[in-house]
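Take a look at the structure set out below.
A, B, C and D label the chains in the order they appear, each numbered from 1.
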Amino acid sequence: MDLAVILQTLLSGVMMGFVYALVSIGLNLIYGVMEIINFSHGAFLMLAMYIAYWLNVMAGTDPVLAAPASGLAIGLLGALTYKLIIKRVMKAPALAQVFSTFGLLVFLEALAHFLWTADYRTVEKTAFSGVVSLFGLRVGLAKLVVAACAILTTAVLFWFYNRTKTGKALQATAISHRAAKLMGIDTDRMFLISWILGGATVGMAGAFLASLYNIFPTIGTTFVLLAFAVVVLGGFGSITGTLYAGLIIGLIENVAGIFAPAFKYAVVYALFIGVIVFRPKGLLGR
Amino acid sequence: MLSIIDLRVNYGKVRAIQGASLRVEAGQLVSIVGSNGAGKSTILQAISGLVPVSGGEIWFDGERLDRLPAHEIVRRGIAHVPEGRALFGRLTVLENLELGAYARQYTRREFDRVLEEVCTMFPILKKRARQKAGTLSGGEQQMLAIARGLMLRPRLLMLDEPSLGLMPSRVSQIFETLSQIKRRDLTIVLVEQNVQESLELADYAYVLQTGRVVLEGPGDVLLQQDMIRQAYLGM
Amino acid sequence: MTRKPTKETLPALPGSSLLKPGFLVPLLAFVVAFPWVFQRSTFQNTAILVLLYAFLGQAWNILGGYAGQVSFGHAVFFGIGAYTSSLLLINTGLNPWLGMLVGAAVAATVAAVIGIPAFRLTGHFFLMATVGFGEIIRTLFVNLPEVTRGAQGVFLPLLESSIKNLMFRQSNTGYYYIILVMTVALFAGTAWLERSKLGYYFKAIKEDWEAAEALGVNATRYKFIALAISAALTAMGGTFYAQWVLYLDPYSTMPLMVSVQIALVAILGGVGTVMGPFLGAALLLPVSEVIRVAVGGGGRGISPMIYGLAIILISVWQPNGIMGWVQARERRAPQDQTGGAEP
Amino acid sequence: MSGRYGLFVMVLLLAAALVATACAGQKAEEKKIVKVGVIYPMTGDLAAVGNDHKAIMELAQEIINGEYDLNIPLAKTRGLPNLKAELQLVFGDSQGKPEIARSEAERLINEEKVVALLGAYASSSTAPASQVAERYGIPFMTPESTRADLTERGFKWFFRNIPYDRMAVESQFKFLAAVRDKGINVGNLGLLYENSLWGQGAAQEQRGLAAKYGFTIVVEVAYPKEITDVTSEVLKLKAAKVDTVLSTNYINDAILFMKAFKEQDFTPGAIIGLEGGMVAKEFIPSLGKDAGYVLTTATWSPALIETKPIVGKINAMYKEKHGKNISAYQPHAFTAVMVMADAINRAGSTEPEAILKALKATDYPGESLIMPWKGVKYDEKGQNIYGDVPILQILDGKYEVVFPFELASKQLVWPAPPWSERK
């Protein structure tokens, strides 16, 4: 195998890595703060993709520019999910929590099917088409833009999480609800914020991804299992970890794709199990 | 300043506190002593809103606390340094202190001044500012927990077993610190297993047994009581 | 006194009113008479699905409900059971009943191997690991065509109709009674388990792993036992499914959705209770069927919408499942009685 | 106390609801009606297909029961003249699940008393549903399930109109051989396929036929169909110096691969698909000009709307009703209704054995089909032997027939121009 292929594979892996990281961050945020797995995360992603798609069809908005709108909308959906469902099952057994978000997943996917049918849709009017060639390495411009947006969004979130008072309070809540309360942190508000942020990031991710993928009601499921792997690998509650884990999974997926494409997700899951068993706090967990 | 009237707390069927009344006057250091499971920690948790109150009332400066959520109570100026310290181990010492001031809307300058003030009491924390809280030694962690509570500039400081699990030399250091804090006219509620020291320090003290106040009085008076001496001091 | 439904206020046998003859005898009479009363094949097929999922849900319940280890990977054991007996039948002509036992043994073995790493985990981590194993094993089934015929799947040969062959050509009644007997036996076994030492150990592990260890219960060992029993039973359900549908492939027998459906039946019914999985299956499957018939074929996803909504509502309002509701009524019942005695 | 009775009442109510909803469908027995059952996925992942099929099959039913001036058997007369009855299609929803397909087949046979079954799109549903039909001795016709061994089960009651995968793959290789005979360099083959039932089966056929026709396969890339990134798969093809790609994809992955081919500047001489994604209605709209030069087998082609009058007429009727053209596998569903109705009419009876006999004697004329086939005639396994599989190429944004050469609507372009030279 020549060097060019290896480099191209690595590059492609890194690009996908950023995308996976962005898709996963919201999941991690919510789990980190509340210890609730949001199974409907994939449906959030799917809805965001549809928002970007319809904005493109109706107003000609480029999907990348639709990100704020879809981020806002899905952030709101996150808030509603928290207020209407999660808050009511917080004291319930963990199983009820799992199934409430699972029910939401089924509901939202069916809703998308009802509203927009099962047809595959593709964003047709995009400003970023064509291919960028650099030292013989080739990347689709759209993918490059998506990766850049993913990095930017992650950076902003990172800043928010580590440099603002609310960000610190979120971290404190993630570490211990009780200790956070003793600091005068309104944990209920932090839960709400984590759902809003979780929704908003996956909402933006969905808009970015809309230009790369076909859009259909069950598209989210494809990503969400990988997102779980990313979150576990990176360690719960760690944004940096999620970023690195996204990169690792992107790379593994691409390298495995060269050698045994049929097994590539199996390799990812095997690694994922290995990590949770031997390093339950994540590869980079503290 | 703080008055607790006929407080009752249940955990499921277990009645942890079954009608306890306590008073804390401004500027006092009040000790609560009692054996394990007597309900000492539960009283502090009830005050700071961590456990729901099943009956009775808690008043603080003319305001009823027992209906408020925990974060509102902290905003009233009540700092609770819980048993086991509840530090944010993944965060740095400085970040822990910042979070201690979360409920206060300090300006940058005010924050720096409060931080300076607290750090003069615990110089070691300044040295460790960038270190993760989880990597500190037990004594240092306790210092940090107290310092974090002080960052609130509390009107009432509640300490739960500050000396628990520390080496004897560290224990005396903690009590040294406590008396230092006391000198600054802060109102303090102290829950301690080291009955001797805590009573020596206390202006007033309560003895708890199975969720009830069985004895109360000024610290030095209680220290003379036979029951205390037999039950807790082994004399 | 508060009347919150806490652990301490539960009766010794939760939901026991559903285990009394007053409820069981009419229920049994109903299920035994069912195929004679309802001869339409829709009813019979739905009833078979209900019983099959009650069986699978109960198998899941032993691990997930009693021993408290929540798995989202049971489709693997289901698939292993279905495949083992079917491949043995095709390749060696082994009787499906024997194949069922072999499948159960294989599933238990695989379960034990999975358990070695997975039982180092708890809670959400264990759950995620079972999802991962599910995906890995399904991938293996797809990609080892020499053994499993890969994605091509397996057609079962049509044998003569008989109980011995576990195959009936014209009528569903045979299938119905076989799965009925299997289900009743499993439910009786579970009722026994609940009172047995083993069941007690399981519950101890679920409530407090460390305390169980401290009491001298070898928690890990009993977790393995629960997993092996659960996997073996699930595999038996798989064999029944294979003999009934007569066609298998990894995408339709082993997807995550089957794992979730198995767990869902038990959870909606009420985990850690004997009757829970039956109630869950009896509610969930016919309801989705009724919605589908009522809304019509071209429903464009209305029926899954209602289904999803129903799951959300149940988890919000009755997080302990249908049995939670039954138990709440039972707790109220004695008070009603005393209330009635007073003038 | 009332808890357990409440529950019991609940169960009974449920049963009552079932009875009520099921009975609602049972009335209007006055008119003489012949029922044919249809099983398709109406909900779930494949719902779009099922609903599209239902729409066009209802059109077929209308044509049979009404009077239309079309050159199709039964069109000019009302209903089934030999039985003096109307045809009624009864639809069942498989949800795309084998066990539901099985249940629906039984329901249609036992409760709706259908005389024949059509369906069920996915081979994994067709297999169990047709097994039920076999057990009950009712004819089962699949319009579009292509899995090869469906007709290898030795079933007496099973019929298939569509040329199955082996025939389509055979067509790919006949085409390759013909191209080679013209002096074009076909070069090394690479197999690219989605790793489930369909893709694995196609690859198996392709391996066998490559050996038979003397072509070399240098690389095989099987990928899971839920794939999110295909760059490494494309690199693998590129690194293996593949000249011709035989590509078996669903629509989602087909589009991802085409995008990645372009991104990685991978231009094989030809990309030859096996229907599926390459003929899906979204393929050309999603890719625009990047879909150009793709070759694919196709049992049906939209080009027929213009080239074959009968297809144009049916399409016009469909378009008037539903506002869109017929596409992909819909014509197969339409054809199945027509062929089955014709057989029942010829049988002159609703006795299964009579219908079976009529089906076996089927020789449906090609000019009455909205398919490009010579006709419909079954071999002893129930496979339609007249199903030809032409090869289409996407030229100027349209599907054009390029093979067999004598039927070509446009000249084949091989090799495809490199990405950089496309306008």
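Heads up, the rule we're going with is that contacts are C-beta pairs under 8 Å (C-beta built on N, C-alpha and C of every residue); 3 or more make two chains touch, one makes a residue touch a chain.
This one's a predicted model, so the numbers in the text were calculated from it and none came from an experiment.
Any chain bridging chain B and chain C, meaning touching each of them, is among A; the list is complete.
More contacting C-beta pairs link the chains of A-C than the other of the two pairs A-C and A-B. Distance from each chain's C-alpha mean to the overall C-alpha mean is smallest for A. Using the mean of the Cα atoms as each chain's centre, the chain most removed from chain A is B. Each chain gets one centre point, the mean of its Cα atoms, and the points for chain A and chain C are 32 Å apart. For the pair chain A and chain B, the distance between mean C-alpha positions equals 42 Å. Distance between chain B and chain D, defined via averaged C-alpha coordinates, is recorded as 75 Å.
Per-chain Cα centroids separate chain A from chain D by 36 Å.
Contacts with at least two other chains are made by residues 47, 195, 222, 224 of chain D. Contacts with at least two other chains are made by residues 139, 142-143, 300-301, 303-304 of chain C.
Shared interface positions of chain B, i.e. residues touching 2 or more other chains, are not present.
The touching residues of chain D, when paired with chain A in their complex, are 45-48, 195, 221-224, 226-233, 235-236, 238-239, 251-252, 255-256, 259, 262-265, 280, 282, 285-286, 288.
Within the complex, the chain C residues that touch chain D are 17-18, 20, 22-23, 26-27, 30, 38, 40-43, 45-46, 49, 139, 142-143, 145, 150-153, 155, 158, 169-170, 172, 241, 244-247, 249, 251-252, 279, 282-283, 286-287, 289-290, 292-294, 297-301, 303-304, 322, 325-326, 329-330, 333, 336-337.
By the touch rule above, chain D contacts chain C in their complex via residues 1-4, 6-8, 10-11, 14-15, 17-19, 21-22, 42-44, 47, 50-51, 54, 91-93, 95, 97-99, 102-103, 106-107, 109-111, 124, 127-128, 131, 134-136, 147, 149, 153, 195-201, 222, 224. Partner chain C is touched in their complex by these residues of chain A: 31, 35, 37, 85, 88-89, 92-100, 102-114, 117, 217, 225, 228-229, 232, 262-263, 265-266, 269-270, 272-274, 276-277, 280. Here chain A touches chain B in the complex through residues 165, 168-169, 171-172, 175-176, 178-188, 286, going by the rule given at the top.
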